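I am attaching a structure below and will ask some questions about it afterwards.
Chain IDs A, B, C and D follow the sequence of writing; residue 1 opens each chain.
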Amino acid sequence: MLEAEQQWWKQNGVAISETIDRAGTPWVRMFDRHGKRVDEILYPREYLTILKRGYRSGVVWRALEEKSLLSTYLLMYTISFYDPGICCPYTVSLGTAVPLAKYGREELQSRFLPQLLRKDDSVWQGATWMTEIAGGSDLGAGVKTVARSNDDSWLLTGNKYFTSNAGAELAVAAARPHGAAPGVRGLALFLVPRYRRDGSLNYFIRRLKDKIATRSVPTGEIELRDSEGYLLGSADSGIYLILEVLNLSRVANSVVSVALAQRAMADALSYAERRVAFGKRILDHPLLGRQFENRLNQLRSAFALAWESVQLLNEVWMERAPYTDRYHLFRLVAHLAKYWTAEYAVDTAKWAMEVHGGLGTLAEYGVERWLREAMILGIWEGTPHRQILDGLEVMERKRAHKMLFARLAEVAPSKELQDLESEVEEHLELPAEEKEALAEPLFRRLAAFTAETLARKSK
Amino acid sequence: MLEAEQQWWKQNGVAISETIDRAGTPWVRMFDRHGKRVDEILYPREYLTILKRGYRSGVVWRALEEKSLLSTYLLMYTISFYDPGICCPYTVSLGTAVPLAKYGREELQSRFLPQLLRKDDSVWQGATWMTEIAGGSDLGAGVKTVARSNDDSWLLTGNKYFTSNAGAELAVAAARPHGAAPGVRGLALFLVPRYRRDGSLNYFIRRLKDKIATRSVPTGEIELRDSEGYLLGSADSGIYLILEVLNLSRVANSVVSVALAQRAMADALSYAERRVAFGKRILDHPLLGRQFENRLNQLRSAFALAWESVQLLNEVWMERAPYTDRYHLFRLVAHLAKYWTAEYAVDTAKWAMEVHGGLGTLAEYGVERWLREAMILGIWEGTPHRQILDGLEVMERKRAHKMLFARLAEVAPSKELQDLESEVEEHLELPAEEKEALAEPLFRRLAAFTAETLARKSK
Amino acid sequence: MLEAEQQWWKQNGVAISETIDRAGTPWVRMFDRHGKRVDEILYPREYLTILKRGYRSGVVWRALEEKSLLSTYLLMYTISFYDPGICCPYTVSLGTAVPLAKYGREELQSRFLPQLLRKDDSVWQGATWMTEIAGGSDLGAGVKTVARSNDDSWLLTGNKYFTSNAGAELAVAAARPHGAAPGVRGLALFLVPRYRRDGSLNYFIRRLKDKIATRSVPTGEIELRDSEGYLLGSADSGIYLILEVLNLSRVANSVVSVALAQRAMADALSYAERRVAFGKRILDHPLLGRQFENRLNQLRSAFALAWESVQLLNEVWMERAPYTDRYHLFRLVAHLAKYWTAEYAVDTAKWAMEVHGGLGTLAEYGVERWLREAMILGIWEGTPHRQILDGLEVMERKRAHKMLFARLAEVAPSKELQDLESEVEEHLELPAEEKEALAEPLFRRLAAFTAETLARKSK
Amino acid sequence: MLEAEQQWWKQNGVAISETIDRAGTPWVRMFDRHGKRVDEILYPREYLTILKRGYRSGVVWRALEEKSLLSTYLLMYTISFYDPGICCPYTVSLGTAVPLAKYGREELQSRFLPQLLRKDDSVWQGATWMTEIAGGSDLGAGVKTVARSNDDSWLLTGNKYFTSNAGAELAVAAARPHGAAPGVRGLALFLVPRYRRDGSLNYFIRRLKDKIATRSVPTGEIELRDSEGYLLGSADSGIYLILEVLNLSRVANSVVSVALAQRAMADALSYAERRVAFGKRILDHPLLGRQFENRLNQLRSAFALAWESVQLLNEVWMERAPYTDRYHLFRLVAHLAKYWTAEYAVDTAKWAMEVHGGLGTLAEYGVERWLREAMILGIWEGTPHRQILDGLEVMERKRAHKMLFARLAEVAPSKELQDLESEVEEHLELPAEEKEALAEPLFRRLAAFTAETLARKSK
């Protein structure tokens, strides 16, 4: 499966992906010539070719059919070596299908699930819309969208500000049922189809964002105006569902980050193998050669950490609140992985540009694209600050680090492990303000240690 | 002087600079409507407004009139807070005027120097064209342009591949006199005016490069075709002149990098002061607050290091080969400064995007611009690899580190200084291959130590 | 006055105008970095330089201060030779100031008029927003925006689809008071400021239109959402006010069309004077030479017709319904002029491209711009179909052609005039369907005859 | 064949064609990352999909295999309804294959012809490069490219300024053999492959032209630098070959113009069928309805005239100088057809924009594209001036109008025909200067009469 995927991408996908990046932000055609609101996104036409291929290959349907996320994330790893943005539509489609399958009433499942799992080009896409203008970290304060009950469905009104995969046939959206509690406890998660039952548009694309990269996914602003919505789970458990959706995409982000770094390295390698300076290939210059070696080791570590988050998620993705310890261990690893892999991707993309010298700064050769793409990976699904603070919390409240250290003990040098463990424990005893202020170096060390240990383990 | 500069930029320059960045790479109009080759660069029209202002303020004329580089680099620091690219034209104009003033025959000086030093909008621009298709690091192998003697001038033929300020009225260009020795010893430096004595174009702009940033400078490819050139200095000393020109731009690069980082921090600050999450301004979140503090300290260090390179250059810029020890000390500091400030600029620009969260990834808000600009600063005038290796060489051959440590001894903690000194000495004893392969961490530490020590000193 | 204007444009305005055209549709920054809706239009910064200059020179204030439109339209003629789009903001500002001065309550006048008439860069801009998604010709059916009375003001809700000068400080907008009659008789005209009394935005820019030309005016879609509005005139007389506003812009369109044609001819001439083929300047080729002569004559006719519409408007612009015969004569002449001058502008722009041969098809030389600009002039303010049918109506209902023929009799060859008059009368006797179907050739002949006669008269 | 072609275009080609137009002028990647000059044109990737399809369908191979041009021009008519630009690569490929087949030495034919006639995606493209900077009309004066004999081949040096299908595998280029006579008599036609026998580039793409339309063909500037060339025919007969090549493309231009007009009408119709104003579809408004009728009649006439030029060319395309009368008749008809169909296409595209009202001026809806495309058709292959003057010449020197009138006599009303014939004869008696100056109205009338007569005949 993966080999066929690679072949196709080398021969076809790479050039299409370049076309899409170069074309920049697509247009939204809001009205057709006859004055009907249509909110059609005008992509370079071949966008559909790469987009639909991944769905056919099984980035979504395999997860539910095989009852395992492994194929999905393997496919994502393979594909995002060629186009790191295209996995965003896949991820949010997965993030729509999974809560529907897990929490949707039977009638909702039979009505919507089959379309998301189709194996041909008529497949529906999903989307996950949480963030509003006040920001995405503090959802309890940020979500102002209100849902009012209306017979068997709900009517949602509000504005979503960062909406991946605007234009999807079916989205999940966070909203607050009218009269519900303030804060995160009052949130609920709703299915929102593109079209109303009467065939008209159920939501509006106010505009697409002019992002610096990931042009393979249309990110926009969405207006919900009495939009028909269907409740998933109970009206007071939305925050759990939202975080479960986020788990899927955070793990995807880690996998994609590693693939992107691998791509940047591959490009740097193919250049350094042929570029000559001072009488030899620059790859044979000792300084550059050593950098390649080091980065290759880091690539192995980063992959090991990302894949650990995949495997743990694969164990717990069907859990519901209240969660097991395993789930909390997963959370810690997911934060470490998201943080570490994105930092690594950015740094590697920067370095790949430097290897190319002046050519690295030109739009013409596309090396600079990896840095743009990596910056988005670093910020999406939570910036480094967010990962650090949430990681801190799960260590503090759930003592997830104990489980992590236990898991690493098998292969980690015991002295080093003990030292780090003590350090973490001492850190957790600090006064609140200081604990947060000083968290970054600790978290970085913990991520590096975990990644390297896991890499050793996987040998 | 600097205050007036700032005022003007706040009120006018900022918006113009955004226009130019957004407009992307300008067009070259190769032929006018009547079929005459003109190689005119079509900029947004206000480009001239910001460009000419800096010349009037004295980025070039002050250096030669005041016989000091301090005003020039202070102006550059002030201006590049608002537009980091515009200092490139200024630097290469300086890099044309200085060798002309230092090495040009009297007749050349009286013919060309006054135009470069004009204080009004009729000022001529300079340009420094060395790099050819095979790359800019290894000039000895890379420069294929040939100069043939022709009465009182020379005729140059060759292609320059990365030419800052394409379109300048007067360039300095590296070329090899016909029959000269191979390698760097056979290079000479020539003045090349835009127009021949008969009024026709003296060089051709093959095209402009589509760079990811620094759109305030037209970087192109230049064709020299029997182009009239005037030798500066002697025909076998070109490499010294070339490196002296490079000194000017490397130091400028350091100053600009610090200013850019300061700008990125200022933007992040103005955002963090108003953005609220979890009930308080994000600036008041301990983790982010601490990051601001740390970065502010780093800013002081980076500035101290950059400014040290300015001051040392100001002492030695009129030296000619053979050079004093002071010159070699300057070289080491310049390598450390170029390396360290650019790394700091890139890292700060990346962080400023993260502070902005999702907004940081949008073209609309311009934060991402600082990362693009910083990446070019990191690569221009020598990538990190180049700085490290050249820094290593000047330590090895000229023992420049001894002078550096002597200079720092006054304020550095003596234990730390001694340890680092021993480490450097041991490193220099390593076998050649290993010495180079392991140079990076040592160089990074040396740069950090130097920067922090100098910052302490300047308090 | 006009000479100074020309000088400035030659030296400064031309290059700015090219920058703006090349930059394409500007961006709308909907939200500032802090999440506040601002709807700011991001123009190349020098847009303000050309825009504000015209206001200072008096395109608006002179009309009301001098109680004559002549200076205004002379300025427009002069300016649009250099930038045909910039007169659109001027015209709609005039179209805001005039009804305010004519129909506004004293309190509205004293509150808003001074800002529109300022002679410095703090001048407010106006805008005229009528058209909605269903189209602009049939306003009776097309205007769905509703106004509800609210104390001393009104609250307007609806969407305007083609809004010139989106972002203006003060607009006039057509709306139907709640409960008013259907059709044009139920329309009213309201003043709508950019900001509410509480300082928040009073209307929203949904997006700007990506027009093929006239980039000097931001044309957008506007959302009115309980927007504060102030009634001009009475609630049932809106259609008169709307048409009076349209008079101002239709006449401006004619003046601009002639100026644009003159510009295209000037460019063609400067090319033909220097381009050589078959041994002589192409201007000296008999066929091309003859075309220049003919077009120059047509230019005189077109100008005479446009200026006739200016002079007649200048006589009647302060009339109120019920109107005099003079007003109806003006209407006929305005339809003929709008139709004829735009057709002439398109045809001349096309021809100027042909004169340039292959160069005419390149974006680089800007000749093709005149065709793009001309096409918009041909369609704005009523397509040819609209002019023909409305011209037919004013002949039929008001017998405006009788007054026209009387006015032309003085200089027109009497036989020709009588023949044409009979032809018109016969045409008006045709059955309705046929009268409309066959109207085009008659209207064209009438326009040509009028233009040529007026040109003869003005000699 | 044609139906399958249409089906494919409706389902696939239309969207791809829009992508290509929207993407604007493609980039040229002059050097690969390794510094090798490659001159690769970076198109949206699906460009190849539509491009290669036409070759497979037989736009080139059918002409030579079927020994008839009818299939070729039928295919072009079908395809250019969807993309008027793509027929340019086809035409110039035909314009390379035909002279090679007709005049090439056997060895050249066996070396190059099979590649041009392949029926799969490995097909080679041709190109026809005549025009230099001084212009395309006066080739005798304009062609400065020199060819020097070199063993069995020639070496060409010069610059071509308007080169359709830059990047083609095989071009035909006009050049003057060293020492040949001045003027058109000294021209020769050469085959110029993309690669030299040693595998390096045989010509260079200086840049691509930023054209307003026909983005489906890369039009550039080409540098020939001792480029290997192979003489077609004899060294003093080049002008005949050049004009024969031009015949092929002039006729293609006529066919494409009619198809484009048909497309603009189809778009206008689909709009007018649904748009409602004043209570009815605008198609049912008598004035617009009548315009549709008239234009449909004109479409029939224009097609009849274009097709007449196809049929006549099909009779004479294998003739060599000295030519038969039939050939001269063809020339006159080709001039009339090129002139008339392009004027009709421009006028219809303009009108289709007007039918769409304001929407017609927006980039979003694509109606404006037809005007841009049509303007290029009007100018390429000779502007109207050129057609008129060359048409005049073939009437004067070869009395081609006599043959034309004879051919039309069968169906034309005899009185009208006799009047026009006398008028032509009288015109030809005028003094030279006047004959040219007054030629336009006569030529227009002759074209219209011919088109309408042929349409009548074809009923």
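Definition applied: contacts are C-beta pairs under 8 Å (C-beta built on N, C-alpha and C of every residue); 3 or more make two chains touch, one makes a residue touch a chain.
Fair warning: this is a prediction, and the values are worked out from it, not measured in the lab.
Across the two candidate interfaces, A-D and B-D, the one carrying more C-beta contacts is A-D. With centres taken as mean Cα positions, subunit D sits 51 Å from subunit B.
The geometric centre of subunit A is 38 Å away from that of subunit B, both derived from CA atoms.
Looking at subunit B, residues 27, 134-135, 210, 275, 364 sit in touch with two or more other chains. In terms of which chains touch, the assembly is arranged so that all chains touch all other chains. The touching residues of subunit D, when paired with subunit B in their complex, are 27, 30-31, 35, 133-135, 206-207, 210, 221. Residue ranges on subunit B touching subunit C, taken from their complex, read 12, 15-16, 18-19, 22-23, 27, 29, 33-34, 42, 44-46, 271, 274-275, 356, 359, 364-365.
Taken together, the subunit D residues at the contact with subunit C in this complex read 131, 134-138, 141, 162, 209-213, 275-279, 285-291, 346, 350, 353-354, 357-358, 360-364, 368, 371-372, 375-376, 378-380, 383-385, 388-389, 433-434, 436-440.
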